[in-house]
Every structure is written in structure tokens, then in C-alpha cells.
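This report concerns only the one structure given below.
Chain nomenclature is as follows: A, B, C, D, E and F, assigned in order of appearance, with residue numbering initiated at 1 for each chain independently.
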Amino acid sequence: MITETLTSPVILFFILGFLAAMVRSDLAIPEAFAKAMSIYLMAAIGLKGGVEVASTGFTADLGWAAFAGITLGFLLPIPAFYLLRHFGKLGSLDSGAVAAHYGSVSVVTFVTATEIFAARNIAPEGYMVGVMALMETPAIITGLLLARAGMKQSTPATAPSSTSNLLHEVFTNGSVVLLLGAFAIGMVAGADGFQPIKPLFEVGFRGVLCLFLLDMGLIAARRLLQSRQLTVRLVVLAVLMPVMNGFVGVALGTLIGLDPGSAATLGILAASASYIAVPAAMRMALPEADPSIYLTMSLGITFPFNILIGIPLFGNVAQMIG
Amino acid sequence: MITETLTSPVILFFILGFLAAMVRSDLAIPEAFAKAMSIYLMAAIGLKGGVEVASTGFTADLGWAAFAGITLGFLLPIPAFYLLRHFGKLGSLDSGAVAAHYGSVSVVTFVTATEIFAARNIAPEGYMVGVMALMETPAIITGLLLARAGMKQSTPATAPSSTSNLLHEVFTNGSVVLLLGAFAIGMVAGADGFQPIKPLFEVGFRGVLCLFLLDMGLIAARRLLQSRQLTVRLVVLAVLMPVMNGFVGVALGTLIGLDPGSAATLGILAASASYIAVPAAMRMALPEADPSIYLTMSLGITFPFNILIGIPLFGNVAQMIG
Amino acid sequence: MITETLTSPVILFFILGFLAAMVRSDLAIPEAFAKAMSIYLMAAIGLKGGVEVASTGFTADLGWAAFAGITLGFLLPIPAFYLLRHFGKLGSLDSGAVAAHYGSVSVVTFVTATEIFAARNIAPEGYMVGVMALMETPAIITGLLLARAGMKQSTPATAPSSTSNLLHEVFTNGSVVLLLGAFAIGMVAGADGFQPIKPLFEVGFRGVLCLFLLDMGLIAARRLLQSRQLTVRLVVLAVLMPVMNGFVGVALGTLIGLDPGSAATLGILAASASYIAVPAAMRMALPEADPSIYLTMSLGITFPFNILIGIPLFGNVAQMIG
Amino acid sequence: MFKTYKRKRIEILTDSALVPRMIDLLKQADITGWSVTRIDSGGTPDGEWQRDDITGASSKSMILIVANDQKTEKLTGLLAPLLDSYRLLLTIGNVEVVRGDRF
Amino acid sequence: MFKTYKRKRIEILTDSALVPRMIDLLKQADITGWSVTRIDSGGTPDGEWQRDDITGASSKSMILIVANDQKTEKLTGLLAPLLDSYRLLLTIGNVEVVRGDRF
Amino acid sequence: MFKTYKRKRIEILTDSALVPRMIDLLKQADITGWSVTRIDSGGTPDGEWQRDDITGASSKSMILIVANDQKTEKLTGLLAPLLDSYRLLLTIGNVEVVRGDRF
């Protein structure tokens, strides 16, 4: 599955971007365009998921998958935190911030995995989009609690933003609102209502994903090149945590009876680290944590690892144990 | 027709944007992307209108519709001005500026109405795009004359931009040039010439409209949240003026013999308030007028009103009296 | 062929943009959108070329075309330099900078030519995309050598960027990397791998080209309006050089046995002047050269000339002598 | 060594739609060099705003000008009566520049 | 003739994600007017960065404020303890403005 | 209370394509912190320009630097000979900063 993955144009564009940045090419995707593609991709997967759920209805599987996803979101940051603190030698602030990223999910890793699993005939269920949206935020709460517990003694000069502010920020986060909103629209509109807008959201989908991954490749490699804080231990963790979380996710998915594609997808969601919702939330809630640590680990190492190795790996595992 | 409207994805995306802004989500569409979608939509409708007219030719109906549109553009600001001045309690500068907005048209209201009327089998004639382009600017002239007449006594410190400057600005306004230009290209190219570029301009159309309305929902709600100048009287007028203008438009359209779809479209054009050409022109020509008044009324109230209620309303009225 | 060209929507959008800027309309395409379209177009043509070469394999023709293209790139700046220096009365710095532009190529001229030749049933071979990518940079080197030879005596205050820096910049130039990268992806993926992403890159292609040429029309005309350095002699050269280079290109293409479409394309590549890779490189390598001279000649005169006259002209010539 | 000159650094914050009008005033004050940059958001006692490219009517720009005292005086005189009605923000600071004769 | 007043021109360079927090502080210092513009790239001894809209976590903004001495003092006092941990850049310069009572 | 330090606020307006070259010069002057923002349009006696991302050759950026007098002096010395041929605009103003040792 790995070699098949590596000849897919979607992945090749990621590699192109990565290499271009590595040779310090000035290739650049305008940020407004990258943001636009990100919005398009989220709207498209939200709609498709909602339309599918409109036809299958709310099933027990869906309920279990949602429950498993939220549970993973809340719990995965805990072992991550201890690894980061004790093996990674990070302070508790930084450990909490990084742990929150690994408990949350990466939208584009999910989308890429869905495409690759679909091409291998193990497409996940439509409701997994909803599961992903639900997994975006719980880890933020756990990560913050861990960070604050660890730094109880030292009081920052000004109070960090109040808990109510933070909860508001977390639940009205743009990507969560867009994913769940598009999901709801898909459910209300159903297959018939989706028909007239389907062309844009289906025809362009994979091509846009290519261009978006081109940009992600550039961003990932530039993060790596510009980082100076990265220790060997942190690099190890940035590979170890997705592997651990991914296995837990696949196992849990299989245990609750999901089909192999959905279980593999739960695995890749667990394995992935957030690059949209969590960095922004951490910057606001823990401004003293160093963003270059969490961005470099999440975007520079874990993201490429998942795209190139994690997706085929968890796909294979889910098919073997499923 | 209203409930049908409310389950269309196009409208649902508008509502999603509106609600997201109301709960103060940080969801945001990059402006360059919004502007790009606006250009795409204008090019697409201009082309389609031109291609249709190329096949039907210039008919008497077209001539009458154009005449009716221009007349409405020149005259509708007059009653609006008096309502704003005497019922709305605005000064003559602000009254003139707001009146110009309500005499002009909203491109995206037109596009949304066309989509909804088409889904109800009362698609307007292709030439209505041209009529819309012609209705963009006359109200600017009337609005300025009214504003200047009202403030004759007080001379501003520097002369506002000269009349020739203003006329130039009005006739070379980007949206007018693009709409009429694309219309002309559609007419020259005809159905055959349009064939090779049709995929982009047709496949994506409704999907782009969804994403654009998502942004308009965000903009409309944020306008409402940020406005402080809005009085109850102005809110009343922002609903009353589109209803009045819309009925006048439908009636006039039916009177000159347009089919119900085109008459309903003339109604919604009369009912709609400009959000592109006129605000920019007013900021230049009447810099002393308060932009937050006209933008909040036009974008924050009248636009959502027309999208949610005006379109189905005038569609029904046109079908009843048509 | 010229009148046919002039009624193609692609060309009509260019004319619309040109006229809009000439009447000083405020029509504007957001730059992020223009840049995005440029990236899309390069990715699309790179992919298509690569997929075609994947099926035809590396042929002798391909090798000859690549060799001819690179040779033209290195040599065409030399006569251009002498014309600019002695007929155009430019200094050697400016002559070298302008000559580099005319030895290199314009991506969008190539794309437009390909579309028009395809509509005339003389579509060029897929490998011509690769040839174009190879022709982007050699002229930069020749242009710089000419400029530096001419100004040997006068040493600039600080050394211009070192040669190794410059070579790096030239070979990692974003557009070169993207074109060759997408070409390679197309070759690896082949027709089958291209299938899933084809919709985006084919459906939208001509439509995007229309909107991009609309922007190029605006840019070209604004360049002309804003330029003050342009002499009659330079205007003459901005038309003469593409004609000369184009004839050389068509003749060479025919001589090495290319089909008429590919020979015509080699002609238009030779005739075209760079507007992406070279201006940026010149600004860095020869900051003392005046950018308004090379941008106005390349974008303001040669680009419109090629779009309106050069493409049909070299198409006809290639068909006659082919 | 190079010599530096004292000049004024003027900032005019204005609606983007009014930039062309401001540039006319610059020219009336014999100022031939300026630079414009977009402002993304801001606030006043009345409320907050974000740049929005759709209407174009709620986007603001900053015009930056380096000028000598005399031109600055002239420009300030031209702008002062408009500051309130056009909602402009005008600041004047001191800077040193190298090629003084250009400003 | 018009009269000019001496006021402070304050620049705060901060992560875009922290702009709302900064605006809260401005309000605490009785400052009701500000303007925000995006910064595209920059560098520190630790390395260089470019604006990136995908994560949003590595984009920076500049907040520009014109204020009188008293408000400036108050704001600086509120900001000083955060400068290091929030990685802010704060500069205070002198400018002249026309409508002094507004700031 | 916090102490403030007098530092220089330097602005370099340059072609975006030349920003990397300017950053090399900053480093030569021992300056390790800077911020870059895009300029959207401008004018000179020769004509007006707008930012254009297609060619990239007609877009300009402003580099903002806070530095102490000694580094400023050094940088000005490095830049002075290039001002004309590179068409740079250089301004130097006074500001107060809080953490003076950083600049």
C-alpha cells in the first residue's frame, strides 16, 4: 500500500512542495488561496458526510464512533503530556500545548486518508466527517488543564483568558463551525438538494487537494528548515506519538465494530495532530508556550509522517485485524 | 415557496454564515477569495446572459425591460429619500446616500433569485442580466442630486469631486464594466464560442454561490453586531423600502408584458440595495455621509430580508398577477 | 486565423481587460486570485504534458525540441542586446535585462497559443510544455553576462549577488519548479493516475484562462498608461523582436522536423517575453536596471502583440512552411 | 561620510475609496512621492471594523509620506478642514533621511 | 490657522491570535482608537518566519495607536510584564496631530 | 516601574525582490530582528505603481527595524551607497522601547 500511495498525484504534489522548499525554491502559494482551498475542502467533506448520513440515518455505529472519537480526544493528550514532560524534557506549559495538538485532529490528513482508502476500496462511512469535527476540540480542554496543573505555583502576570472565553473560542472555532455547519446542510438538503451544488464540490475535490498538499509540503519543509528548538527527543516523539495514538485508534475502532475503512480512519484521526484549531487556541490560551515547538512537531514531522507512512500503515493494520 | 427556499443549500449557507457571525465564531473567508468569487459570478452571469441574447436577438421585451429598469433606477431614490429624511430622521446627505443604494441593485440577490426562480420553473429571460447592469448606476446620480439639493446652503470645505469625475467613476465602475463586458463577450461568442469555457462557468456556479453567500451571511451579521447608529425607524425603512420597491418592480414588469420570472426579477432588482457599486461611489462623492448607516441598512437588513423573504415573495406575487 | 482568434472568448476577455484599464475603470482582480490562477495553469499544463509524454515516451523529436529550445534561450538575447543597445539607445545594464526577457518565455502566451492551435487542429505535442520550462532560464544567464560585460569598467558599490546565489535562484525559481514538478508528476502518474484529478485540471482550464487574461489585459494596459520611459525606438523593438524571434523559432522547429503545431509553438515561445521568472531574477541580479523599461516592453507591448497577432501569425507561417 | 537631513514623516489614515482624493491633495502640496498600505481592522469609540473587499466601502489605507517642513505645512493646511468630515487620522513625526533633496 | 498637539505614536507588534487580548488591554488604558495591519514576515535571532494563514498561529500584526501621555503611560504599564512571555515588540514615538482632544 | 530606552526606528522601503539582499545587509550590521510588511501602491515623480503579484517585479515592501544608535549608524553606512541605484527609501526616527538590551 505504501508504494501505491507514493505514486498517487495527491501525495506526489505533497512531495513536490516538500522538495521545493528543501532546495529553497521561492515557490509560494498565496495564503488567501490556501485558506480558500482549506474552506472549500472542509465545506465539501462536511456536505458529503451530511448527505451520506441523511441517507443512512443515525445508526448505532455512528453513535459509537462519535463516542470513541470524543473519548480519544479527551484522553490521548494525557500520555502524550507525560512523554513530552519526562522523555521530551519540555516544561509543563509547552507539554500541555503540544499534547493538545496530538489529541486533536488534522483535517487534511483525514481528507487524504479518505481519498487513499477509497481508492483501496475501504472508504470510511460518511459519518466519520462528523466524528472528525467532534474530535477537534476536546483535546484543547485536556491540554490546558494539564498545562495549568503543572504550572499552578507560578502565576502569570495577567490572568490568561478566562475559562468561559476559552470555551467560547473552542466551540465557535471557524473550522468546527464550518465542518458541522456543512454537515448539517448536507443532512437537511439530502442527496436531491445536494445535486445542484455537487459539481463544484465533487469535480474539483481531488485536484484542489493536490494543490493544497503542494502548499502543505512547502509549509512543512519550511517549518523544519526554520526551526532551531527541535531536539532529537522531540523528533522521536513526533513519530512515536502518532504511531501509538494510531494503533489505539484502529484497535478501538475495530473493537466497537466499525468496518476496516472507518476503523483505519479513526486510527489516522488519533494519529494526526491539529494544525488549524489547536495552534490558534494555544496561542490565545497559553501565549507563554512556544509556538515554534508545537508547529514544528505537528506540521514539520507528524504531518509528513502520517501522509507518507501513517495512512498506508493504519489502512493495512485495520484490514489485517478487521 | 418560502419553505422550499429555506431548504436550498444556497440559502442554508447564507444562514450558516449569519449564525456563525452571531455566535461570534472566528470563521472568515479571505477577502481575496470573496472578491474572486464575486468576479467569477459576475463574469458567469454576464456570459450566460449574452449567449442567451445572442440566440434570441434583441426583442421588444428586452427594450422595454431595459427602459423600465433604468427608469426605476432614476426614480426609486426619490420616495426613498423623503422617507429617510422625514420618517427616518436622517440629514439630507445621509438620506441621499442611502436612497442611492436602494435605487441601485444587488448582484448577488439577483443571482440567488435567478437560481431560485429557475428551480421553480420561472427562470427569467437572459437579458435580465443586462437590465441589472444598466440599473446599477442611475440611482447614484439621483441620490447625489437629492443630497446636494438638500445641503445647498452649507458649502463643504473643499468641493466634492467634480461632476465629470463622478460620471466617469460611475460608468467605469468595475462591476458595471465586467457585467456588460462579459455580456458583450457572450453575445459575440454565441453558444458555440461559449462551449469551451462553459465548464468552468456552469459546473462551479451554484457551489461558488454557496460559498459566496456563506461570506455574505458573515458580513451581514457582523455589520448588524457592529452598528451603533441604527435606529428602529431605520430598521423599519430597511424592510419597508424593499417591499415597496419590489411591488412597484413586479407590477411594472407585468404591465410591460414580461413573463412572470422576468417580472419577479425586475421586482427583486428594484427591492435589492447595492453593496458594491454604490457604497464605493458614495464614499468618494459624499465622503461626509456616514458609511455605517448605508452599509448596515443595505447589507445587514435588506440583503438578508430579500434573500430569505423578498425572493419567494416577489416570485409568488409575479406568478399570481402574471 | 486572426479574425477567428479575435472572436475567441479567451482573447475577448484579454481585450475587455485592456479596454477597461484604458478607460481607467477600477476593475481589479485580487492579486492572490491572479497568482492562484497562474499556479493552477502551470500545474495543469505541466500535468497534461507529463501524462502525454508518459504515453508517447521520450522520442527523438522531444530531444531535438528540447535542444532547440535551450539553444534559442541562450542565443536569442544576443541580437536583442545589440538592437537594444544601438537602435534602442539603452545602456548595457538595461539592454542586458531586457534581452533576458525576450530570450525567455511567457507561460500564458504559450497556454493561449496551445488553446488556439488546438482549436485549429494543430495542437502541439505534449512535450512542448517541458520545452517551455527548459526555455525559462537560459536567457537569464546570457542577459546577465551581456549586461556585466558591458559595464565592466564601472564597479557597483556592493557586489551584485554572487554567481552561485544567482544560479540557485534561477534553477529553483518557483515557476520552473512547478512546471517541471507537475510534468514529472504527470509522467509518474500516467493517464490512469491522472484520471481522478483530471476534472479540476481540465474542466476549469479554459475558463480560468479567460479570467487570467482579463487580468493580463488590465496589467498590460496599466503598464502602458503608467510608463513614462518608453521611447518610439523601444516600442518598435518590442514589436520587432518577437517577430524576428518568432520566425527564427518556427523555422528552426520546422527544420528539426517538428509537426506544424509544435513548430508554431516553438515560434511563439521564441517570440514571447517572460513576465514571471525573468523580472524577478533581474530585480535581484541587476537591481540598478530600470524595471519599468523591461516590464512595459514585455507586458505592455509584446504580450498583447503576441496574443492578438503573434499567435495566429506563427500558426499560419508554420502551416505554410510545415 | 554621508549626511542626514531632518524631514517630516506624515501618516494619513483614510478610507481606501478616498485615497485618490488624498493623492490629489498631495500633488497640490507639491508632494510627488508617497506609499500606500492597507489597514486590516481597527476601532473607534463607535465600534470596530474589519477590512472587507466586497463592498470596498469599509476598507482603510495608510498613506505614508516623507516631506520637508514646507510641504508638510502646506499639506496639513489642506487636510485640516477635512479631518472630521472625512474621518481622517493625521500624524506628523520627525525622521532623518539621507538624500534630503528628494523630499 | 490650525493648532497641533504632541501625542504618542505607539506600535505593538504581536501574534495575530493575540490581537483581541491586546485590544482588551487598550480598553483598560482608556484607549478607544486603534488600527491593525498585517506583518508578512520577520526575523529574530532564533530564525525567520513568514505569514501563514493556514495555521494562523504564525502570523503577526502591528497595532498602531495614537494616544496622549497619560494613556500611553497606563498602557505601557499594562504591557511591560507581558513583553517577554508574549514576545511583543513595543515602540513609542512622538508625533504631532491636529485634533488633540480625540486621543 | 519599568525603564524605557531610546532606540532608532528604521524604515527601509524597497522592492520585494530585494528584501533578501537587505536582510543580508542587516545581518552585516549585527541586526537580528526585523519585520516586513507589503506596500500596496505608491507614487514618484515618474509615475504611480500598484502591487502586482504576477510579475512580482513591481511589488514593494517596508522593512521595519528597531536598533540602537551604533547598529543604525553601521546599517546607514551600508545602505547609503545603494539608495539611488536600488531606489530605496530610508527613514530613521526616535522611539522609546522597554527591553533596551534586545536591540
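Here is the rule we go by: a contact is a pair of C-beta atoms (placed from the backbone, for glycine too) under 8 Å apart; a residue touches a chain by one contact, two chains touch by 3 or more.
This one's a predicted model, so the numbers in the text were calculated from it and none came from an experiment.
J.: Indicate the lowest number of steps between chain B and chain D, counting one step per move to a touching chain.
T.: 1
J.: Which chain's mean C-alpha position is the greatest distance from chain D's?
T.: Greatest centre separation from chain D goes to chain A.
J.: When chain A touches chain B, do the two copies use mostly the same residue numbers, with over half shared, or different ones?
T.: different
J.: Which chain is most remote from chain E in terms of Cα centres?
T.: Farthest chain from chain E, going by C-alpha centroids: C.
J.: Name whichever of A-C and C-F has more C-beta pairs touching across its two chains.
T.: A-C
J.: What is the distance in Å between the mean C-alpha positions of chain B and chain F?
T.: Chain B and chain F have C-alpha centres separated by 44 Å.
J.: Where the centres are mean C-alpha positions, what is the separation of chain D from chain F, in Å?
T.: 19
J.: On a C-alpha centroid basis, what's the spacing between chain B and chain C, in Å?
T.: Taking the average C-alpha coordinate of chain B and of chain C, the gap between them is 40 Å.
J.: Counting only residues that touch at least 2 other chains, which ones in chain C make the list?
T.: Where chain C meets two or more other chains at a single residue, that happens at 30-33, 35-36, 203-204, 280.
J.: By residue number and range, which residues of chain F touch two or more other chains?
T.: Each of 37-38, 53, 93-94 in chain F touches at least two other chains.
J.: Touching pairs of chains, all of them, please.
T.: Listed in label order, the chain pairs in contact are A-B, A-C, A-E, B-C, B-D, C-F, D-E, D-F, E-F.
J.: Quick one: which bits of chain F touch chain C in the complex? Just the residue numbers, please.
T.: 15, 17-18, 20-21, 46-58, 78, 81-82, 85-86
J.: Would you pull the chain E residues touching chain D in the complex into a rising list?
T.: Going by the criterion above, the answer is residues 2, 4, 7, 9, 19, 23, 32-38, 61, 66, 93-99.
J.: Which of the residues in chain C end up touching chain B in this complex?
T.: Going through chain C, the ones touching chain B are 7-10, 12-13, 16, 19-20, 23-33, 36, 115, 119, 202-208, 210-211, 214.
J.: Mind listing the chain F positions that touch chain D in their complex?
T.: 11, 13, 37-45, 60, 62, 76-77, 79-80, 83-84, 89-94
J.: Contact residues on chain A for chain E in the complex?
T.: 31-32, 34-35, 38, 156-158, 161, 215-216, 219, 222, 226-229, 275-276, 279-280, 282-284, 287-288, 291-292, 295, 299
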